[in-house]
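This structure is in structure tokens; I'll ask about it shortly.
The letters A, B, C and D name the chains in turn, as written, and every chain counts its residues from 1.
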């Protein structure tokens, strides 16, 4: 399995696509998480993502290893943005390429679910009413 | 739900992304089906996709209606390419945007599974050994 | 009236359109006639008939102004 | 040695790095000390300790050269 893992200011779906597209794979599943302009109906101005980078990369690599052991995946991308992010900005991109689409869906959902549980990245929400949470 | 359905010569993931990205949605799931350079280990030169267009559009709209009744999806894209397609070319793109990622994964997988069962599109495979199937 | 054919059904019959015999008046009769006139169609895993762009049950009546199509197993995606 | 703090743990303690008391020699003792020195940390839904960039069990010994971090509930993605 070829793996691209990165944490940086700005990430795009295109760089994930460029990495996973291959004539050997039939199905590609991509998850893009974008900043919403509301949380539970409260308007959101921006998010700030902070990360413990060295450990975050290590935890992302562990997820990639789990995926590799569990599914036959050809290529995988995990990208996370950090810093100030505004509504509509992309915060995370997961992309998986496999010969069969069913496992690409399963693996992609597993990666984003696990990333949200284990990877040391934190977001702070800045609401329009001035509150920060 | 906003819906984009199209059947044409060339489709891209980018046009699907452009349609579904919205600051109101948190999770976007995209499936891209690309032409593989082999089918059951036999090298493939190209595929030819033929379609009963008026009925195909109608069946795609039926799938969109089913999705709308079943899940809370904000935006959805279904694109299918027709004509000669070569290994690495994109044959189909499904994109779904929702507030919650779980339903975006479920809906996206449902759409591609159902499209493959009901939408009148046919592919012919041209193998490297000269056979056509 | 003309019956549209697609995919492998077109390859088997050698025609993108066939003229429906006047005595064929529903989907079941159309299938029976197609299987008899083009026995190769019996090899298909499935053969659906669409009437006015919708999959039709065997009992569905075919009128002269309907758009009728032979739908072999689909393979999009 | 310094203990790294992130996210809301940093906000609660007001520090991105804390000096570990010499008598704290494992993860359980570190947590007990943190909860006592910064009672606000008790409000967290969870507080994990990472030793050398790996989530550590309470029983794990902390050596002076280890990289130790306080990990409040993560919220990436």
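To be clear about the criterion, contacts are C-beta pairs under 8 Å (C-beta built on N, C-alpha and C of every residue); 3 or more make two chains touch, one makes a residue touch a chain.
Molecules present, by chain and UniProt name: A, B = Molybdopterin synthase catalytic subunit; C, D = Molybdopterin synthase sulfur carrier subunit.
Source: prediction; values computed, not measured.
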- Groups of chains joined by contact, in the absence of chain B: A, D | C
- If you average the CA atoms of chain B and of chain D, how many Å lie between those two points? 47
- Note on the structure: Chain-centre distance (mean CA atoms) for chain B and chain C, in whole Å, is 26
- Note on the structure: So chain B residues touching two or more other chains come to 33, 112
- What are the residues of chain C that contact at least two other chains? none
- Message: Please list each pair of chains that are touching.
- Response: A-B, A-D, B-C
- So, in the complex, the side of chain A touching chain B is made of residues 13-14, 17, 21-38, 87-88, 99, 101-102, 104-105, 108-109, 112
- So in the complex, which bits of chain C are touching chain B? 4, 6-8, 50, 53-55, 69, 71-72, 74-77
- Contacts from chain B onto chain C in the complex sit at residues 33, 49-52, 54-56, 58, 80, 91-92, 112, 115-124
